[in-house]
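The structures come next, written out as structure tokens.
Heads up, the next two complexes both have chain A, just with different partners, chain B and then chain C.
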Partner chain A sequence: MAALLEEAPRFFGYYNMLFLGQAFAFTALLSLVGCGGGFVFGFGLAVLRSERIVRFAPLRWVATVYVELFRRIPFLVKLMVIFFAFQLAGFDVSGFVVAATTVALSASAFSAENVRAGLEAVHKNQWDAAEAMNMGGLTALRRVILPQAWRIIIPPSMTYSVGLVKSTSIVSQIGVFELTYAAKILNQKGFSAGICFGTILLLYFALCYPLNLMAARLESKLAPSRH
Partner chain B sequence: MAYTLQFGQVTPYLGYLAGGAWLALQLAAIGFVVGWAIGLVCAAILHYGPWLPRKIVRAYVVFFLNTPLLVQIFFIYFALPDWGIVLSSFQAVVIGMSLNAGAYLTEIQRAGFNSIRREEIEAAETLGFSRLQSIRHVIVPHICKVLFPPLSNQYIILTMTTSIAAIFGVEELTGRTYNINAQTFRALEIFSIAALYYVALTLVASAALYSIGRYFFRIKGKVF
Partner chain C sequence: MPHLVIEKLSADYGATPVLIDVDLAVERGEIVAIIGPSGSGKSTLLRVLTGLLKPRAGHVHVAGTEVNYASAEALRKVRDRFAIVFQQFNLFQNMTALRNVTIAPTIVKKRNAAEVEREARELLTKVGLAHRIDAYPDEMSGGQQQRVAIARALALKPDILLLDEVTSALDPELVAEVLDTIRLLAQDGMTMLIVSHEMAFVREVASKVVFMADGRVVEVGPPAQIFDAPETTRCADFVRRILRH
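On to the complex of A and B.
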């Protein structure tokens, strides 16, 4: 403990803080880009899986197989497959792009499930009523179903996104600069593991805790009234 | 430079990989059982305990839910030796995974405790059930039905989480995939096969858990 206190002033110097601040920004950016892109993609997948909109069954099956596959592969394995696929296909992209793609593909599979659950929570009669008013599938989705479903979709999507913020620590494995990677560098520069990893644990906490609180608050606020 | 997939070069290793899958299942089982026990104790403390233990458990849960498992294990593996606690990589991974799972399972089981209504117990008393009978016939069936789906979901997630052990050199499914990759350099092939192993593992677990839930606890729901 005494060694830790002795080391602290040197560790919390200006340049280390700048370094960690940058890493923090990269973790946040990676999560934002990945989860944002993934949510849009996942939303499309959920729409593709809806019987009311897509009448062509094989297309629905393809979307279902994609979601089931990507939900069941661990983040690390997905990261490696995408990393090598980019490399071997001859695309010369930065590690950040590989990482963001992985986060987005993970997010898409989970978002597709959340969106589907939200769409299914709306009563079937609503679709029938929209059809009776001569609305097409997509119009019904936009004007009738989504205004009711979004309150059910948003809170779990947010919780999953926070989960992915934590998963981004794994991309340090392919040498992408973010919080965990920064801690490993500082550790190799000679600072003790306790102070390096302890500090980034707190930084991750500072990123995830407010988001989780916000998700919980949204959930209680948006909960549909039971009638 | 075109890359041709050559699965022929990695097929001799499929059995070796299956051994890794077995270790992954064991890791998941240990993590789940220990985490479940931690969760049960913590949920009971949150529900019935006095002020200070409640706050401590609350802090533990909130901290572990909001930080990455990978960094938690890094801390356990690399930082604890400074305070004289030296763990093997396997021990560090198991402890980290169990503590992490414990936090999630505390949240799940707390929700289960909260779902019991006072009216249920009163109704059982009115019907002349003894305390033991009301636990046996009213509370336990109810709790099982409420808890089974999220618990089985957590088990599936835990099976996938075990891949993190590879980063610390534990030779489970992903760890052995790293080894095969180092020997054959057929990276894309072997990692896609590992991905399919995980899909198979979790699909079998999902199907089994679904049947158990349906048969024992009358839980109806979609599999996919």
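On to the complex of A and C.
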């Protein structure tokens, strides 16, 4: 403890703060773009898998195969595959693009399942009534099904997003400059592991906690409980 | 030609045939009741008519035009003529009574919102729910929900109203209020195809009764024939069993 206090003034110097601040911003942006893009894509996949909306079965199968496949590949493996896929395809992209793509593809598969579970939790008689009065699948989804499904979709999606924010630390494996990578570098520069990783621990918490608060707000806004 | 003509209509659930060569005709302004044991295909027939289940074979003519259930366009047109009220009400849980009634006319038929709302208020008043206009389905009794569902169906201005066991999910003391509502429609001359287990009600309002069993139409006739002098033993057995209590 005394050692920690002794190195603290040096550790929390201007350049280190700038360094960690950039890494924090990188992780935050990566989480936002990855989770956001992944949710939108996953939402689309869930819609594609819905028999009530997509009548063309092969399209549903493709979406199902994608979801089932990507849910079963570890994050690190996905990261490596995407990293080398970009290289093989001859695209010289930044670490951020590789990382964001990996996060988004992971998020899409899991989001698709969360959304699907929410859509299926709405009683099928709601679809029947909408269909019998000539409402198209997407109109029924927007006006009838989703307002009832958000309540079921949001909590697991937010839990998953928080999990994914934490998983972004894995992208340090390909040398992408994010929060965990920054801590490793500072550690190698001679600061103690305790102060380096203790600091990013708090930063990860600072990133994830507002997400939980946002989840609660989103839930009360999109799925107001009348009781 | 009758307004609705069904010829040799057949449908399956998976590999199980649930409708077999059903023939039926409904004249404009007529009230036709379908009775029969559960699993006889009564509700399935209504689901096929509204395109919720694809028929395997047979023909349906509405107002002299054959309906091609394989065509999305034809299906849309036929759904404009039918409105269905379900056993479980199927009200949209996220909408008030009023919104349940106005949604399809405004969103699907793109009619003027103010005009639709005025009509919806009239319809809800007609079914005795003027005071429940802003209530959500889970705040209403089953009888009230079913009356909203009837108002919702009427707001579509259907040629033919399909009623699928509309009182079966209701507590006994709530059945009368829904039947009274249907009587009102009968007085207005609404063409109706009613699947029901309320035999006394069927006898009172129906001009024609269809007895179905095992996916087939077994006997068709006026209520007096079906209930007092059925020609088939199958129908006689059913009527005897159901009227005993």
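Definition applied: the second predicted complex is superposed on the first by the 211 of 227 C-alpha atoms of A that agree within 3 Å, B and C clash if a C-alpha of one lies under 4 Å from a C-alpha of the other, contacts with A are read in each partner's own complex, and residues count from 1 in each chain.
Keep this in mind: contacts are C-beta pairs under 8 Å (C-beta built on N, C-alpha and C of every residue); 3 or more make two chains touch, one makes a residue touch a chain.
Because the structure is a prediction, the values reported are computed rather than measured.
Student: With both complexes overlaid on chain A, does A:A183 touch chain B (first), chain C (second), both or neither?
Tutor: The answer is first: A:A183 touches chain B but not chain C.
Student: Is A:N212 contacted by the first partner chain B, the second partner chain C, both or neither?
Tutor: Touch partner of A:N212: chain B, not chain C.
Student: In the three-chain superposition, say which chain, chain B or chain C, touches more residues of chain A.
Tutor: B
Student: May I ask you to decide whether A:A193 touches chain B, chain C, both, or neither, giving the answer as first, second, both or neither?
Tutor: first
Student: Go through the superposed model and pick first if A:K221 touches only chain B, second if only chain C, both, or neither.
Tutor: Neither: A:K221 stays clear of chain B and chain C.
Student: Name the contact category of A:P74: first (chain B only), second (chain C only), both, or neither.
Tutor: After superposition on chain A, A:P74 lies in contact with chain B alone.
Student: After superposition on the shared chain, which partner residues are touched by A:L201: those of chain B (first), chain C (second), both, or neither?
Tutor: A:L201: touches chain B, not chain C.
Student: Mind working out whether A:L88 is in touch with chain B, chain C, both or neither, as first, second, both or neither?
Tutor: First partner only, chain B.
Student: Which of the residues in chain A come into contact with chain C in the complex?
Tutor: 125-126, 128-135, 139, 143-144, 147-148, 226
Student: Please give the residue numbers of chain B that touch chain A in the complex, ascending.
Tutor: 1, 3, 62-63, 65-72, 74-75, 78-79, 81-83, 156, 160-164, 166-167, 174, 177, 187-188, 191-192, 194-195, 198-199, 202-203, 224
Student: Would you mind writing out the residues of chain C in touch with chain A in their complex?
Tutor: 50-52, 76, 79-80, 82-84, 86, 88, 90-95, 103-104, 107-108, 136, 139, 152, 156
Student: Over in the complex, which chain A residues touch chain B? Could you list them?
Tutor: Within the complex, chain A touches chain B at residues 3, 64, 68-69, 72-78, 80-81, 84-85, 88-90, 162, 166-170, 172-173, 179-180, 183, 187, 192-194, 197-198, 200-201, 204-205, 208-209, 212.
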